[in-house]
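Structure first, commentary second.
By written order: A, B, C and D. Residues from 1 in each chain.
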Amino acid sequence: MATPRFKQLRRSYGFDEVAIVPGDVTINPEQTNIDLKLGDFTFGIPVLASAMDAVVDVSFAILMNQLGGLAVLNLDGIQTRYDNPREVLAEIAQVSGAEVTPLLQKVYSQPIKENLISERIQAIKQSGAVCAVSAAPANAKRFAPIASEARADIFVVQATVTSARHLSKSSRGLIFPELVKSVTMPVIVGNCVSYSACLELMQTGISAILVGVGPGAACTTREVLGVGVPQITATIDCAAARDQYHKESGRYVPIITDGGFRKGGDLCKAVAAGADAVMIGSIFAQTKEAPGRGYHWGMSQQHPALPRGTRIKVGTTDTLAQILFGPTSVTDGSQNLIGALRTAMGICGAATIQEMHRAEMVIAPAISTEGKSWQLSQA
Amino acid sequence: MATPRFKQLRRSYGFDEVAIVPGDVTINPEQTNIDLKLGDFTFGIPVLASAMDAVVDVSFAILMNQLGGLAVLNLDGIQTRYDNPREVLAEIAQVSGAEVTPLLQKVYSQPIKENLISERIQAIKQSGAVCAVSAAPANAKRFAPIASEARADIFVVQATVTSARHLSKSSRGLIFPELVKSVTMPVIVGNCVSYSACLELMQTGISAILVGVGPGAACTTREVLGVGVPQITATIDCAAARDQYHKESGRYVPIITDGGFRKGGDLCKAVAAGADAVMIGSIFAQTKEAPGRGYHWGMSQQHPALPRGTRIKVGTTDTLAQILFGPTSVTDGSQNLIGALRTAMGICGAATIQEMHRAEMVIAPAISTEGKSWQLSQA
Amino acid sequence: MATPRFKQLRRSYGFDEVAIVPGDVTINPEQTNIDLKLGDFTFGIPVLASAMDAVVDVSFAILMNQLGGLAVLNLDGIQTRYDNPREVLAEIAQVSGAEVTPLLQKVYSQPIKENLISERIQAIKQSGAVCAVSAAPANAKRFAPIASEARADIFVVQATVTSARHLSKSSRGLIFPELVKSVTMPVIVGNCVSYSACLELMQTGISAILVGVGPGAACTTREVLGVGVPQITATIDCAAARDQYHKESGRYVPIITDGGFRKGGDLCKAVAAGADAVMIGSIFAQTKEAPGRGYHWGMSQQHPALPRGTRIKVGTTDTLAQILFGPTSVTDGSQNLIGALRTAMGICGAATIQEMHRAEMVIAPAISTEGKSWQLSQA
Amino acid sequence: MATPRFKQLRRSYGFDEVAIVPGDVTINPEQTNIDLKLGDFTFGIPVLASAMDAVVDVSFAILMNQLGGLAVLNLDGIQTRYDNPREVLAEIAQVSGAEVTPLLQKVYSQPIKENLISERIQAIKQSGAVCAVSAAPANAKRFAPIASEARADIFVVQATVTSARHLSKSSRGLIFPELVKSVTMPVIVGNCVSYSACLELMQTGISAILVGVGPGAACTTREVLGVGVPQITATIDCAAARDQYHKESGRYVPIITDGGFRKGGDLCKAVAAGADAVMIGSIFAQTKEAPGRGYHWGMSQQHPALPRGTRIKVGTTDTLAQILFGPTSVTDGSQNLIGALRTAMGICGAATIQEMHRAEMVIAPAISTEGKSWQLSQA
């Protein structure tokens, strides 16, 4: 008689459950190189701004690129549905919590205007900035030529979960090798969280992968669907796929950990876990330049039948430049993210992002409130 | 000299401690088939309503079946002890928390009237609905012929823990093979939580198993008795028993995870862990159609000497149809449970419930309050 | 070159981290036998009351034995230092929290009167009850003959930690084999928490072992000294020692899990982990008959230089008989402890305490507040 | 094809997650020897006071040595930048929480005066006390001759993380073998947390190691940088390095666990994990003699661009003598730290610190608030 088979569960870890171990060698933070290469582009900082309507509009995209990073403009959102997106964003910031999901469902039910796609891209390009745009898989085949025509530089295809093999009876799905061949720009695809799904996506010829399902501050995917993998484990698994694919193909496809960051230490941990870059939403929604006016909401919150996200009040703290580079008097890790990354790399003796991938990490649950209780009475 | 033997403890997991990993393939949610087969019956959705007095009365049972699922009417409860159960239910909803357990002890000390068993069943059958009824093991032999006579379709035998071998000096216990033989309808038995107990129950010839001891929102079995197994581990173990029994006997006996659900993600996790269906209590007690009037209480709360349950105020949120199928603007996973299940299956590339049993899962502790603290200030 | 050696840590578990798995067989609770044998005595319930001044005085000891259990009178405490202990107990109940430790330090600095030892024992014996008394190791040699003379039945030697080999330069320590030989009554010794320490103590010829360091509600040993082992692991380890010693010597030495109980489920878990009996302090301090008047304090709180305990307000809930046997309308597991134990044994198919030792257990963290949040709004 | 490689994470533990197991032998606390040897110095208690400005000034250093321990004076801080440090300390204690980091950034931007280095050392030496001073790695080469000239006894080089191999393009870094050769006093270096980094530092010829990155109450390194290892694991790893180095070289280099202590039990756990001594900050900042006036702040809080620390209000509880030696009526473990250590050693049968290193430990999560909830209503 056969042995019974029990389903096996593997332990996974998020940012709050791990810590980085200092290295046997240390280096000066100033000597670290944190460049990110995407296709033929090189960015001075390995940071992307999320394709979310509360984070990126045309002027934010330009500023982000001027500061060394890359912002992705959402082609499925408010910027391409409304001639005057500021009015709509202002309304979203004003309604009460009870009214916001119905409002978002209505706002996002308006049709996307193809001319606005071109206009937004051209506005970014005219500033001299690198222009990255995103579309949902269902819109990717239609929007890619328009974006290409308008001279966008990078094309992102993004959904909660994207696989190399999507089965649909009603329509012929998006075929990534065809998309990659049809556009001349690098294609970034997401999101995925597992070794095998990531490997399959890389094999389609795309240029980078977004890693993360369910971790974002404005996302309730894990509550609603039960689906999601904590970011450290997701990053470790996809980094293993990247290294394996690199060994097999000779091609290095960067992975970008997307979502769930709350402070500088989280960025450092993502990179130590294997990320080549990070994509940030809610922290940037707090900048003075963010279009969300102190609010942030999930990309699936507007789903007409099963919304999976919440609008959250993140407040407005400081400029994007300040949050990225400091200097600061804030001590909780929410500012000078790049300074934190360089300092952590110095402590680990890592001169490059790829050397930081080799830093040792431990499982170390977040310091409890009790353990730091004196801080509660901080004067 | 013999080596000392230390008792070994196995780690177990509940809903909040696991998450589902997206698949390498994805499919459209609309293409998923979520049918449940019980005996010769096929139900369009794999959801049962608990045999609890705050959840199911005659009209709720009819509605549930019209919506594709199955509700179980409790033959040991208020519906069969009182000609006018509404009055009693109203009184339970009105007394204070301190008075409720003595009141329940009194309410449930009234005798069960056999004529009411017939009347309730016939009322359900007259609507054309499939009729399922439940009895405690002590009452099963007496009530089964009455239910059979009244043309009930499915007979459920349910206690906190039911085993295939119950030892009693004072009386000859319930023998399941005899019961199965004596009634013509499918027999569902519960509850159990372990591989071996589940396997033994299946070998008695019954048609389905209820899985779960101690997880329900209104249940304090684990506090009072120390007994209970978290639902993910219980489901995994009983699913292994089902698969083993299927291999040995060729007969597929569905397992129904019963209790502890708080949101759509929990249902998805139960199915990914191996459940063929779920049985829901407190979420349905919140529907506008529930007899409990915004309250819910445990099935063991009326025990005269050792009550194990509490009345909880669950409130009234929406209609049963809305909670099952949406559409909704609620983003916390408490509505559109079926939409959530189909979406999660699509993300896992699972076209059927049995394919969903193969979805990968990880141990991933619930996102901490701290991690989502911005939501606390949600406007 | 030798491999470096890292200190290894073993995982341990407390009551809140485990649960009992129902059995494949079930039996009627009424058919369970829960007798405890200590020396030639047989007790109807496997429950001892702690030798703590807030729990046991002469009348409590008599009542406890009448109800089937055994209470231990503390010979190092208030009862043997004061002719009128009630006055002192009243004062302890009246002072503020800030004043209580200095007061206890003063109260316990008064000398023990040997005549009071005899008087208290005789008062218990005159009622016909079995009389158990306790002394600290330092006092054991002196008090044992007095207790013997006064016809005490059971002699308990108890300290935070007691080992079979205590090293002291200044005096010749207590030698257990000598003590056992010198008194004609059974000797119970505690506390210990590990396999080897327990085995060594059993080899001295004593009659039972108290298991537990640091778990009690009124004990801060773990905070102050860092010392302690959670009760489930301590019980499992000492049960392995008992079984090993039984195999080697043919003598069965019961182990009594002492401290940390908060509800009926905890008792059931201790027995499932291997305990032959439990010793209860704070739950009994809540009875109407307890001398502590709604307060409870630790046995090390009176230490003149390093007090390790706190006075806690436990309140007064019900009679000892009610808490032990019910019936009750309380659903949180704090009443009808014996009913809970018999019911859990029935669910596990255990007809005796020793059969309950074989019940399967799982590691299952306590149900979180979040998971049961509806209860917070319980009306 | 090669097997994919996944980054492995090791579990680590902090004070709150472990407990000490009592020994099979016990001894009288008075018979324990807790001497600490550093170079040719022997200290009666294995306790150092942190080189932090809220903890150690000249008079505190003298008192600490009189009581048997060693305090380290910070040469990079307020004491050597200001002729009248008391004024500055008073100002820090007076500003609001929002103003304190900018103030500290300003206070610590003033130049260090070399004459003050000599003056502070001489003041300590004139009292007859052993004088230990600390410098950051960048200042060590410059300050060491001055300290040597002024007859300091022990030289500490301390940064968040210090490695034996620091890489810098701009300057020739600190070479520890050269430093050790150039000064005649023992050199203590820190901080480190891993086996290999600790082993490399010992091989440079230094006399002791400080263990700990990120655990202190006033430190936010782990939040800001993601870097840190909980103290029990860090101590176990560095103790393994010490023992390995001892085996290889015959030289015993003590390790000093630095930071994160909140109560006596934490000290006992550090020693059981392998520490030869402990370095204490925030607990000593609470003494009546501490210069911080009831406040404490991190050593990295004054960083001009990326501050990593917070000022915390610790309050003022009692004298240093009282906190070290009692006697006390405080029962939470915050006083009589040495009494606690000796008592724990007695319970473990450890006559010396090195015997205490062999005490068994278990992983035992901190007693939950729920488990001790009665204490909340402590009168």
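Quick note on the criterion: contacts are C-beta pairs under 8 Å (C-beta built on N, C-alpha and C of every residue); 3 or more make two chains touch, one makes a residue touch a chain.
Computed from a predicted model, the values in this text were never measured in an experiment.
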Checklist outcome for this item: Shared touch partners for subunit A + subunit B come out as none
Checklist entry - Is the contact between subunit C and subunit D built from the same residue numbers on each copy (over half shared) or from different ones (under half shared)? => result different
Next on the checklist: Rounded to a whole Å, what is the gap between the Cα centroids of subunit A and subunit C?
Outcome noted: 56
Checklist outcome for this item: When centres are defined as mean Cα positions, the distance from subunit B to subunit C in whole Å is 39
Item to check | Junction residues of subunit B, two or more chains touched | outcome: none
Checklist entry - Once bound in the complex, which stretches of subunit D touch subunit C? => result 13, 15, 18-28, 30-31, 195, 232, 236-237, 239-241, 243-244, 247-248, 263-269, 272-274, 326-333, 336, 339-340, 343-344, 347-349, 357, 360-365, 367-368, 370-372, 374-375, 377-379
Checklist entry - Inside the complex, what are the residues of subunit B that reach subunit C? => result 1-2, 4-7, 9-12, 14, 16-17, 96-97, 100-102, 105, 160-170, 192-194, 196-197, 200, 213-214, 217, 220, 222-230, 233, 260, 262, 282, 295-296, 298, 301, 304-314, 366
